[in-house]
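Going in written order, the chains are labelled A, B, C and D, and every chain counts its residues from 1.
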Amino acid sequence: MAQFFSGMMGSYLVGSFLISMLLFFNRNKLVNYGLTILFMVLQWGLTIYEFDHLNVVDFQYFSPDSLAIIFLVVLSILCVPAIYHSHVYCNSKAEIPRNRGIYFSALVVLFAALSAAYLSNHIAITWIFVELTTLSSSALIYHRRNSRSLEGTWKYIFVCSISITLVFIGILFLSIAVQRTGSTNLFYQGLFNSAAGMNVFWLKLAFLFIFTGFTCKAGLVPMYTAGIDAKDKAPSPAGAIFGSALMNVGFIGIFRFYQVIGPTSIFEWANKIMLITGLLSIFVATVYMLRVKNLKRMFAYSSVEHMGLIMVGLAAGGIGRYAAILHLVLHSFAKPVLFFQMGQVYRIYKSKSIYDIGDYFKYNLSGALVLLFAFFTVTAMPPSGMFVSEFLIFRALFEAKHIWIILFIMLLLTMIIWSFGKNIFKILFIKPIGFNDTDVEKISPFESLSQFILLALVIYLGLFPPAGLVTLINGAVSNLPK
Amino acid sequence: MTVILLAIFAVTLIYLGVANRLSSYISVLAVQGVILFGVAFIELIEINWVNLVFILLETIVFKTIAIPYFLKYIIERNKITRDSEPFLPDFISIVIVTAIIIASFLLSNAIEDPHLGKIFFVASLSALFTGLYIIVTRRKIITHVMGFLVIENGVFVLSLAVGNEMPMLVNIGILLDIFASVFLLGIFANKIGDIMKEQDVEQLSNLKD
Amino acid sequence: MSIVSFLLIIFTSLFFTGIVIRTKSIFSGRKGPGFFQPLKDIRRLFRKGAVYSKTTSFIFQIAPSIYFASVLMAIFMVPFGNQPGIISFQGDFIFFAYALALGKFFIIISALDTGSSFEGMGASREALYSLLVEPAFFILMGSFALLTGHTSFYEIFGSLHFGSYISYGEGTLAAIVLVFIALIENSRMPVDDPKTHLELTMVHEVMILDNSGFDLGLILYSTNLKFAMYGALIANFFLTPGYEWYYSLPIFIGVQIVFAVIVGTVESFMARFRMNHNPQYIFMLTSISLLIFIGVLILKKFV
Amino acid sequence: MSLILGIIVVTVFSLLLLAMAGDKQKGNIALFAVLINAVLSSCIAIPALCGSSFEQIFYGGNVFGQIAIRADALSGWFILLMNFTMLTGILYGRRYMKHYENPPGRNPEGSANLTLHFASYIINHFAMIGIYCVQNSLAFLCVWELMALSSFILIIFEYGKFEVLKAGINFLIQSHIGIMFMTLGFIWVNSRAGSFDFNAIATYAASVSPAVSFILFLCFFIAFAIKAGFVPFHTWLPYAHPVAPAHVSGVMSGVIIKLGIFGILRMLLLIKGDFLALGYFILAISVITGVYGVILAIIQHNIKKLLAYHSIENIGIIGIGIGLGCIGLGLNNPYLAFAGFAGAMLHTLNHSLFKSLLFYSAGTVYQATHTLDIEQLGGLIKKMPQTATLFLIAALAICGLPPFNGFISEFLIYSGLFKGILESPLISTVFLVSSVLGLVIIGGLAMLCFTKAFGVIFLGNERHQLPATVHEAEFTKLFPKYLIATLIILIGIVPQIFVKAISGPTALFTGKNILQQEPVAFIETLQAVSLAVIALILLSLIIWWLRKMVTRSAVIVESSTWGCGYAAPTAKLQYTANSFVRPFRKLIHPLLMMNKTENALIGIFPNPVHSETHPYDKLERVIIDIPLKYLKGFIGQFRFLQNGNPQFYILYGVVFIFIVITIPLLMNALAYLNELIKQIGQ
């Protein structure tokens, strides 16, 4: 027990658990505010603590390595606007206290589970917390309590459970492989050390199952499907988290095991799989970007596209790995902007369909500007920061002699930008049909402030990444083979 | 002994393939629970007793009693018709399930691994794929849940195979069981029944592009 | 001395159309008007008052003057044997063509200025034909530039003759092309019939339906000038610079007269083409001049 | 540094000011910002043009590395001509935009739109200065895209209309394709040479075989050709120009598409490959561009679309100049090189002048009559004589007629071509002659087109009931046009000065050695030309004066147009633009694609029938529409994936795993079979 409270992690988990419980039972708005703020403090406390205890094992199963720190910081930065916008959301709908309580407690659990999953240094522990994220997020998806949201929730849980089962099977295979080497150590470090001696067959199976399982969270082909419905049906602030931090968790699941097999002979094979998956994801994203008329789903598909790019970059190797993680970070800041803004759009038009939305420039100027700049940022047009990471990914591909793949991706990206742009500008400028603007809610520009900040962050981190970030990213990819 | 149990387990899978009443699915699940109890008892006899008791409880109480009862309750509560409406005729299903079992048998023969009882591997793989097969070919959501449970059983068998070295994995597997199935069924029991009457997949396939 | 070519052209222009008309009357067995009848008409026009359409604007007023000026400008460029034109520089024939084009531009828009359907029709045809003629002229000059290695009228004609007989052959061919060009530029048979009485079948005449008085005089006289100018160009192919003027002068005059007679003959013995056949006929000139060019190319690069 | 800093500060400051100011002031603020930036950048440009290049390098963070700001003579020339057009543009635009101002407080999004517009104008100017100076790949891409995005916002000012937005997106996407190609090129160089500096391009290109460097050049060429509007990369242009506000169209056609030309020239400076091959390539594509552009221009009846196609044509002429210059370099014949590059650069200036003038005049006409369809106009010269005259001057200039500037640049190119015909081997002679042919045809067609345009818009009678309030634009609106017109005539009359100015940038290509003699020869020729031009003007004046003298006493009668016997001619009887170009259209019919809707006359006394023709770009249909259709069709095949059925979602995962496992096995099996067959073979 002493060792339980030795580090920050234990107290963080307990604390967040308590907070979520309190939130669950509390019915008072102000207390609710206070608790969420308290949680933010806790979250930031953990972040700062782990930040200066880099690579110090905490509570045996958690060790903040560079990658974990990066994602933790990203999460903690996102958690502030997310909670703020959640409050805005609940107030705008005059939410009944019970639902509000459930919503926030689920949100807190989600954050806690995400942080833990980032930090965990044991494959099974990661797995547990990932499972936990599924459960908490399904509560968020179901928040609206209508048949559609129920359907979304159902599909999300179902597909996630299957995929998490796949991951578990993968772990079992892995354990078989581990036993071959005579150890029973499932810590990433231990796996990494003993990986070279493992049976290739089992390792391959393990990687395949774990990868496939985690694609569900990471939003990649083949299991991206349920995530789309989730992001669509969840309230916008939750959707923002799904579109960023939750995908990071999937990525971290894949990436850690990817690191493990780094020294083995199947590394190339794994790269091939990831490359193909990435390309397929971009392709699927293109297919649906050209089709969807529901804004949130469109944003979700664009996330799929970006994850695909990231996978491609990772598989390309070289500078591509750095670029992939940078791209992931930037995407985690850029995508929430769109979802947050979507909340405002929904409040004005009471719809997510392109057909009902239009002339947003007239009804909410600041919001329109956010959408405009976010579009330029997310589609990685220079000087958006994501352009830099994309540039580097392409460069990695070029150096890996994948010219045709570059051209293919460029073609798809162009089509994506085309349809994305068409819809965005339709929203901003074209008059909607049958929309009476008699009682349009006036939205204060202040609500868009957080989004502007995030966008600025994307540009800043992309163009002038601080040395700290660079070293962290390099540390994260350091123990991959050259 | 284990071999016999697992063989019976495989037979139950085949029966699942042809069973066309939900009630029979439920009973099959219960039977599987019992079998798993047996296997677990034999396999894990030498690990520490706390774990053992926990596992046995899980198998016998949870898998054999709680879940089947729960399923029955749901079916009655939501007035689900007792027929499991498959897309494919039973004959084809049985052929396929058999094929699955044979395939996994061949596959596991292809592996030579002293640590691993092949029979476990066969049983688990066939359970896994049969479960997936059921999910894909049955129309009702409740049958999806059942398919999922079958998969869980398969995973449980697999975890038993490695269990005596790493009991922790077995526990985690159980955790998965409890979490996921409780959650799925929970939603099912409370919400879906309230909000929508027909449990067809068609009903739950509005979110699409 | 460079004024001489200018003076000669002005001089020949005085009775060029006279000769044409006389030829035609002889062929048609009439006792035609005197040599100077056209000039008399023009003099009359110069004296006359004018009628201006209410539709027209200042464009209509200035166009004829600019047209005339452009023709004069072009004449300045034309050399006489080894005597350069008044203005002569590298690539002056480009200026020559573009100056003429300027005049044509104005005459076309002045036709459009009247807002008459007939004049618009004429303008459209004129614009099309002139744009079809241009390439022939440029390719022609290009081939002679290639032949002689110079890029100005004066140098080209100056050094044309020190070549073999081939150059004379080229010269003859070029002369033929130039004759056709002149016919088209002055809208004579077989492209256009100045004497027709149906506006629908006119090209140039219908453009200047509304011009009267001094303006009409200018336009008519610039036609003479153009004839004389092209005649001078043709003559230049056969002049023998280096020899004395009393050889060159008769040759010049003779060529001009022959040219005028040819024009007259053509007009009396040919019928006008159908309008929709004109383009291919005109573009044929370009092909001929391309042939000339290829000939020169073979001469210079292969031989 | 101070200058650059100044420009940045001015830009940012003016943007802030713009956000606060009222509608009335926005235009003036933009004007001042552009003015100051123009002055500052000219302080860089003029010395650079005179030969003292500007160079500064500062550290731009660990992503950009060293950002080099270099301005050589080429940049100087382009900056200057850009500044002039941007100035006239804003001078005209701030008046043009008066129509869209609204009283304070009312219709906030309207004034926000104005702010956005003027802000993007300033940013656009800023970005273009950057494009001309920045020599760091990444930074270049950034300023380039900044330019693209700001011009996109400029284009979609009247976003209410659907076709405006459509055109804007079309522009955005195509410029993005350009960016992609540029990125590819930069990645290529960067991954080989390891530096973002442009000099790395030169060093890399020097280190590889000509064929490879040609491919590299091609990569950049496509990127810049899309911006410049070379056929077949031109399709965005005829949509973007007509929908933008007049001053924006003028600026776009005047300077923004010239960025493409600048880029190509810059790359020619950097990538010294096999210039002969480059020359042939550029020459061929340019001749096609020019002829195709003007052919399509003739059949347009939307005045701005017509002008847009003429931009394509003029890009072709400029391209011919560049190609000629390259051939000159290839044959190391300095005369050709000088003629080509000088002609190209001078024509760049000229086109930016007369094309902006044309667009501004078109804008004035549009604001007076509220239509761009020339078939409905006519007789405007009586209501707005000054605009008409300005349009006429520009029209003459664009047709390359003396005494205006268009003639000078075309003359340079012509004389270069003819000189080349004399002094080059057979193959290039053929190329040069065909480009002479092309140039002549372009000239002739341009004449046909502008006689039509000017005649139908300004002359004759109104073809359509125009609003009664058609009147001449106020002076503030005319003033910038007069500025341009003066410059046009100035270049026409004293070209030698400007050619002297160009000898600086041209020397970059031809090398210092020939700078002594060649321009001198040109200057002499051009002095003669200017003499001739002056003579032409004097001659016209003299004859005009004579005419006055003679007809002083004569009786002048006013009457209606002679109707050839028809007593009551109406405005409807006039020749329309369509009928004016009909014989031509018949000639080149196979090249065109006229979507014609007409219903036949039936019966002896037929009812009135309506028929209309919509010209469409055949190339666009072939290279954009049809492939896109097939691509979409192919992609549409995959729409079953997200079918809302969780069973399938599970299936995907299973199938994925299955495939990944089986495919290697299959591969092995095949390999084994292969081996077997081999063994059987033995």
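For the reader, a short list of remarks on this structure follows.
Here is the rule we use: a contact is a pair of C-beta atoms (placed from the backbone, for glycine too) under 8 Å apart; a residue touches a chain by one contact, two chains touch by 3 or more.
Note that this is a predicted model, so its numbers are computed, not measured.
For the pair subunit C and subunit D, there is no chain touching both partners. Chain D has the C-alpha centroid lying closest to the overall centroid of all protein C-alpha atoms shown. Two chain pairs, B-D and A-D, are weighed by contacting C-beta pairs, with A-D ahead. The mean-CA centres of subunit A and subunit C are about 79 angstrom from one another, to the nearest whole unit. Work out the mean CA point of subunit B and of subunit D, and you get 69 Å between them.
Averaging Cα coordinates per chain places subunit A and subunit D 44 Å apart. Work out the mean CA point of subunit B and of subunit C, and you get 100 Å between them.
For subunit B, the set of residues touching two or more other chains reads 135, 144, 204-207, 209.
Contact with two or more other chains is made by residues 154-155, 158, 162, 228, 288, 291 of subunit A.
Shown for subunit C are the residues that touch two or more other chains, of which there are none. Per the contact rule defined earlier, chains pair up in contact as A-B, A-D, B-D, C-D. Within the complex formed with subunit D, the residues of subunit C that make contact are 46-59, 62, 64-66, 68-70, 72-73, 76-77, 87-92, 94-95, 98-99, 101-102, 104-105, 108-109, 112-121, 123-125, 127-128, 130-132, 134-135, 138-139, 141-142, 145-146, 149, 151, 199, 209-210, 213-215, 218, 275-276, 279, 286, 293, 297, 301. Contact residues of subunit A toward subunit D in the complex are 154-155, 158-159, 162-163, 166, 208-209, 212, 215-216, 221-223, 225-226, 228, 273, 283-284, 286-288, 290-291, 361-362, 365, 376, 381-383, 387-388, 391, 394-395, 398-399, 406, 410, 413-415, 417-418, 421-422, 425-426, 428-431, 462-465, 467, 470.
Those residues of subunit D that touch subunit A in the complex are listed here as 61-64, 108-109, 112-113, 138, 141-142, 144-146, 149, 156, 159-160, 162, 165, 168-169, 172-173, 176-177, 179-180, 183-184, 187-188, 190-191, 631-632, 635-636, 638-639, 641-642, 646, 648-650, 652-653, 655-657, 660-661.
The part of subunit D that touches subunit C in the complex is made up of residues 378-379, 381-382, 385, 388, 392, 396, 399-402, 407, 411, 414-415, 418-419, 421-422, 425-426, 429, 433, 436-437, 440-441, 443-445, 447-448, 450-452, 454-456, 458-461, 521, 524-525, 528-529, 531-532, 535-536, 539-540, 542-544, 547, 550-551, 554-564, 569, 571, 573-575, 579-584, 586-587.
Those residues of subunit A that touch subunit B in the shared complex are 124, 127-128, 131, 135, 138, 142, 146-148, 150-155, 157-158, 161-162, 164-165, 168-169, 171-172, 175-176, 179-180, 184, 186, 199, 201, 228-229, 232-233, 288, 291-292, 294, 297.
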